[in-house]
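Two complexes come next, and they have one chain in common, chain A, joined by chain B in the first and chain C in the second.
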Partner chain A sequence: MTIKEGKVKKTDTTEEESKEIDSEEPRIGVFVCHCGHNIAGTVDVAKVADYAKTLPNVVKAEHYMFMCSKPGVQMVKDSIKELGVNRTVVASCSKNQHGKTFARAIEEMGLNKHRHQQVNVREYCSWVHQKEKDKANQKAKQLVEAGVNRARKLEDVETRKVKTTKAALVIGAGIAGLRAAHDMAELGIPVYLIERESTIGGHMTRLNKTFPTLECPQCSISPLTNGVANHPLIELYTNAQVKNIDGSLGNFEVEFEIKPRYVKDNCTSCGECAEHCPVELPSEWDMGMSMRKAIYKAYPQAIPATYVRDKKNCIECNTCVNVCPVQAVDFSMQPETKTVKVGSIIVAAGYDEYDPTEIEPYHYNQEGYEDVITQLKLERMLSPTSLTNSEVLRPSDGKIPKNVVMIQCVGSRNDQVGNQYCTGVCCKFAIKNARIIKEMYPDTDVTICYIDIRTPGLNFEELYKSAQEIGVRFIRGRPSEIVRNPISGELRVIVEDTLSQTPLQLKADLVVLSAAMVPPEGIGPLGSKLHVLRSKEGFLKEFHIKMNPTLSSKGGIFLAGAIQGPKDISESVAHAGSAAALAAAPLVKGYIEKEMLIPTINYDLCVKCGLCKTVCAPAAIDIDENGIPSVNEVACKSCGMCMPVCPTGAIQLINFKDDQLLDEIIAVSGGGAVCE
Partner chain B sequence: MVKEKTFAFFLGCLMPNRYPAIEKATKFVMEKLGYELLDMKKAGCCPAPGVFRSFNKVDWMVAAARNLCIAEQLDTDILTVCNGCFGTLQEVNKHLKENEDHRIMVNEKLKLIGDYEFKGTINVRHIAEVLGYEIGPWGIEDIIVRKVNARAAVHYGCHFLKPTRIREIESSENPTIVEEYLEALGVESVRFKEQLTCCGAGGGVKAYSGDASMTIFGEKMKNIDEVKPDFILDICPFCHLQFETGQDYLNKNKDCNYNYPVIHISQLTAYCMGMDQEFVGLQYQLMGKNYIFGEREMKKEEEVI
Partner chain C sequence: MSDCEVIDEEIKEKIQNVVVFMCNECGQGSANTAGVARMAYEPAIRIVRVQCTGQIGPIQIMDALSNGADAVACVGCCIGACHFFNGNLLSMHRIKLMKKLFKELGYSDQFINQYTSRAAEGETAVGDFEDIVDRLTTAIKEEGTIKDEC
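Let's look at the complex of A and B:
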């Protein structure tokens, strides 16, 4: 530490971007990693190190088996202590993999971590040139030389603490959103929970039973829904949707709109209004398996219990207004917009059941095919409050079906509809429902047509077996078609039993489609407001599938539950808990550390064209009334997009400045060493 | 741009050899509609989409491309009245337009057999689509001189609509194009069980395994017989052949007693446009030789108003 002077500036001053180019001569240490045979099997690492020694300012060049190991890291540290190395170059794997390891090491030795330059000779060189070793050697030398050139002018970058807002926003109040909101509130963080529908609880409340234990989902979830609704730190907004989101990690400003319920909070949930309402229509919440009025509560246990008026279908007869004993009905209520400041956002927008209409051979939703339904509809049919009195009845004639056929992978594992993925939940719920039907009606034949049965995990193989034991029939084959006899109206499922290679026509009184889980409607606009990436399937994309499946592509925005990809309830709950912990961390700590890896603007060169603002995705460039741009240091994501568009080179990202990159490019393109 | 109101008429194999009445009817219809049909000199077999493609896809494409080149040289779209010819020519035409590698490969081979180069300038059309969409039920009403009072079992066959994403005409799962067209001719179409399945002839089945072909066809006829149509209407000479000879076979070997006339969409349209019944040619076919079209009164335009 004592060796170096004039360095390690942890300035507290905000003023003028520090042009702290080292006054002392650059002393560069180069370390070439073998990575076992990964690099050394193709690249002659000793020769590369020897070559590095010949480059200007290089005071040490070595090669070692595993640079990321403790002795390897120690070599880097020692060079700083013993030789006064003040910039390091490690030629090994990707910067994403071990760049941080070495940056941390030099920081421990008192150097600014941005003085480390990582050179990737594995992915960029040895792995892709295994059959052309001579060329690989040459390329490795050029890459190392480029790294050295780049290291020569590296500047220190300060790390600054940014205060965070101690509050969080959770979008969606299904099982994942509820769990996440509750977990954060328990950590003492105020939570705004907003839900698009009029009630909370999401899909889980609509299920009849949950697998594998055949438990009542209402009983499982109601402690949580009640807990959230009554938590002093949770503010719940139903009928609400996000309108706008500004800001970045630690400090967001969110605007959302709350649509009016037309019933005030003093509603006692007595139900008089609905009883007298003359308008009756199928309940959407119940998938048409029950009727509701134009003023209604989605289901008996709904939270909030306040009734809601469906303005579209209301005939404004005012009966509800007149019969309400507490005068809670108020047609004059207006939409309300609210703006809140939060430090973290959790997106728990859930999923939609795939609409099988587009798979034409199954004729879902077509005239004459009323007896083709989805699993969610079956769940509602079985529920205690359904029109059928919890019986399974054919929608066409109200009779108990003698033959039920379930079709798996409807909208999943199907290239034709563009969904390659396996939803991973359908096998489980189909088996569960098949077993329930078979138990209710032992004389009914229940058949499941599947591609593969996927029931991994504790208790699920057991569930599968129990269904087989009570006589549910399993046929391996994806049905090609559901055909209807135009004379008798009878349905048949055409399928090949691929195990016995027999083409079959299964008589079906009721066909139940196990439809996939797909991204929810409206996720596109929400995703754009959040500025987060989506996967090709349309779900919101996680930061890293293994190491951080709950962070989105944007700092401070986290994903909980099925919005990141299909999940069952257990997985959603676990995922939501992880999201809550990660989202809470910076809020509990009170600050985040932000590296000031940001661009500076040379106002002598700036022509006030404003192009930099147009390309800045995180909207970190502000332009004042005189047309002069400035950089919002906290919002900047260091992407560098502003640099190439600037016509005069006035805006320069620290450590990625034109002359720094030029030095690197000269070596990569074989132009030889650049001194001075 | 190809010539308007002109088609290169691709005859195929079956129609000119077995059912010249369909050819006559088609020429009659297209002339009444104001189209000119050009002969395709030196045209070969399409070649059949099931068999040839299964054995050698490349040569199948080359032979088809040769036919396409003949029409390209005439600068007209191709018209076909056969599902098989349509299946091959439409698919190869679309594929070679989209796939440059295959286009280059096919053109290399075409050079070896003459002055041919696939350029991708034309389209391939099927009579049912020309009548059903281009003329349309709305347009045909002005041209026909009589309507037929009958109930028809419509057989679409396979290659006209399947696969939907290649044909891009109409969904193969629930098609209505022919039914809507027939309605304009006064004919009611009756739905029957498994209406959209194969007749049992295509894909080499009829030639390779007569028994299998007749099992499929027997099922088809059983389903048609349930709804007792006046005749079977098809849009493909190969299906036509299957319905004709198949009924005969079932009568002789399977104790059946079918006698349903089999009528191609061109034949029915020609009759409605005023071609004499004798030229429709039912008397030369195996089934329903004595069938006489029942007439339906045409509403005069004034009455409609």
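Let's look at the complex of A and C:
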């Protein structure tokens, strides 16, 4: 799978020469930097250099004003040329600051850059122990000795180029998935876009208006959905689910199953079949706010426009087969499995609206409480294509409600249901919907019961203010219960206004629950197929919350949108764009460079316990059918977590091996130090 | 335990080598930040760079203690911020078990500790270092297990 192309940088040394160096005794050059007064002001650099001279294998020990300057670097280079130094130790600043400078210098002289050992005597010693010079001297000596000990056994680490497959897979065709797929395709990368549902567009297509500008989401997203569906480089698969994923960064093999639509692609979307279908069911896409047939199209603008047959509920009367003018309906279609090779994977599986059924005091989904709905249902009711003609009507009797109460933080900021996090978008959409209702029905009282109103960002505070001005009532308090008068069927929301400390009973014709965003159904199996970690809330975990929020725990697998955590549309789009750029980089370049700083396994010691695999976060250890582990050198992230779990010490990270670390530990523990 | 009075400073004076394994990410980062800000701490602290604290096992810890280290500590990234995912948690778990073992063997469990730090804040590293020395001092004073020569 990996293609070895030798070292990336051409070095002056031929192979024979480098072998010669290996067989040689270690010859170590130690260079102590004054760094002006930064180091020399506290540490007696001359004494440290003298001490270094007494250490075994040290052939040269010098001190110089500025090691990072041109003459300083030249000193290092000259020692390699003149004295045959094959390992260098520079005692100066941190590895991040000038470690690379010296590593590059010795690489130019034909040594492997991993033969350089940087000792930090400035940040770790002189700068922090300015008042205790004796102790600082002693410490500097010990640190240099530790560095020399470590350098003695340093091994060469190869840098390899690994070719990447120029194709990408995007899982989920919601707004984030579409954005990511489109961005990558525009960079010239073939994209396989797979979607679990029969249509693309995700949650955004269901919304009525988007905050804060009250724009029509269907109008915003349709250029993108059409663009993706017609893009020559994007292959779109709906009704498809991932079955298996193998490989690592740059070279994945993905198997996915495509469920049949039972309607062929020549469907003209005329709707004859649905018209004649005798089976009627509540539409899932419409959150049960309208009915659909057993052969249906989720919504008028759905892409792909091809109808789909719901096999589970179909009574096989064959009416649709007979009425179809183009004979597109075919009950004999079979599930198809497809295997593709890709270089990067973007997971944009989105979110699910929290199901408030488990919060018993709110009686959601219970008999007699039909007028308790969620925000997404309200969005469907308000949308232009709804059954109610965009009117807000009580599901129980179809009347326009006189009192609407919205309850915030349903399923979020709630330890009892296990969701500590704030979804972050509920305040915004509740305010938006409250304003829309108030504008439509000025006589209707709209109340929002909140814990805290959180409207950060440009234009959101203005939205909040405008809702207050228009007369939306805000009550600070989490409602304890929704009670129903058994005779009149009237609902009341029990809440304490915590600002005025008054217990209230709010009359409610319609109660709208602002339900949280939770990880989508089926994320567990998908996560384990991808070998990526999940956060404690159940979302897929990002590599680093600040510095890399789009990379997952595994190299080459990126996260886009709400699968990483609750996000609104603009955040999802930005997140997806970032994921697309990161995922595309190695594919556009054509290869990845990888330092082979990986563990090696001593198979004589290995007892096939498989513990190394259990701790390996990037899933870089493969175990074959005989139980023998092997390291996937591309996937490995060089953390070394596999080392301490190995009961026999068979697996050892190169340059961090137990015996290499031991040498350093002896010096810093005082075991080898010479005390004055 | 000895009867004579021991002053903290005297004990601190005797602490010479405290081996601190710091991870390549937040550990090293915070120590560097502390250095740049010239935040003084005990010179007994000896920092060893490792890839991740999850890499440190009982072997390394016992190597350090048997070679004369007064105490050993691992400093990793904050919980949930490990750059390799959960190395800090693994290490924390391992050190918890080792502490238990130390107690059962009759030693103070303050010889080994796990800490976290933030690369952006040198105070976190310095706080960790101070805590290591303080805990060790208290342990020596109360239990008199090492360098008990008054």
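The definition used in the following text is that the second predicted complex is superposed on the first by the 449 of 676 C-alpha atoms of A that agree within 3 Å, B and C clash if a C-alpha of one lies under 4 Å from a C-alpha of the other, contacts with A are read in each partner's own complex, and residues count from 1 in each chain.
What we mean here is this: a residue touches a chain if its C-beta (ideal position, glycine included) is under 8 Å from a C-beta of that chain, and two chains touch if they have at least 3 such contacts.
Keep in mind the model is a prediction, meaning the values are calculated, not measured.
The partner of chain A that touches more of its residues, comparing chain B with chain C, is C.
When the two structures are aligned on the shared chain, A:Phe331 is found in touch with neither chain B nor chain C.
Look at A:Met643: by the touch rule set out above, it reaches chain C but stays clear of chain B.
In the superposition on chain A, A:Phe66 makes contact with neither chain B nor chain C. By the touch criterion stated above, A:Trp127 is placed in contact with chain C alone, chain B being left untouched.
Contact with chain C, but none with chain B, is seen for A:His544 once the two complexes are overlaid on the shared chain.
Look at A:Glu360: by the touch rule set out above, it reaches chain B but stays clear of chain C.
Applying the stated contact rule after C-alpha superposition, one finds that A:Tyr591 touches neither chain B nor chain C. Contacts of A:Val483 after superposition on the shared chain: chain B is touched, whereas chain C is not. Shared interface residues of chain A, touching chain B in one complex and chain C in the other, do not exist. Listing the residues of chain C that touch chain A in their complex gives 16-17, 19, 28, 31-32, 34-36, 38-41, 43-44, 46-52, 54-60, 63-65, 67-69, 80-81, 83-87, 90, 94. Interface residues of chain A, counted against chain C in their complex, comprise 94-96, 120, 122-125, 127-132, 135-136, 138-139, 142-143, 146, 533, 541, 543-545, 553, 615, 617-618, 637-641, 643-645, 649, 653, 656, 658, 661-662, 664-666, 668-672. On the side of chain A, the complex with chain B involves touching residues 360-361, 363, 366, 481, 483, 485-487. The part of chain B that touches chain A in the complex is made up of residues 171, 173-174, 191-195, 226-227.
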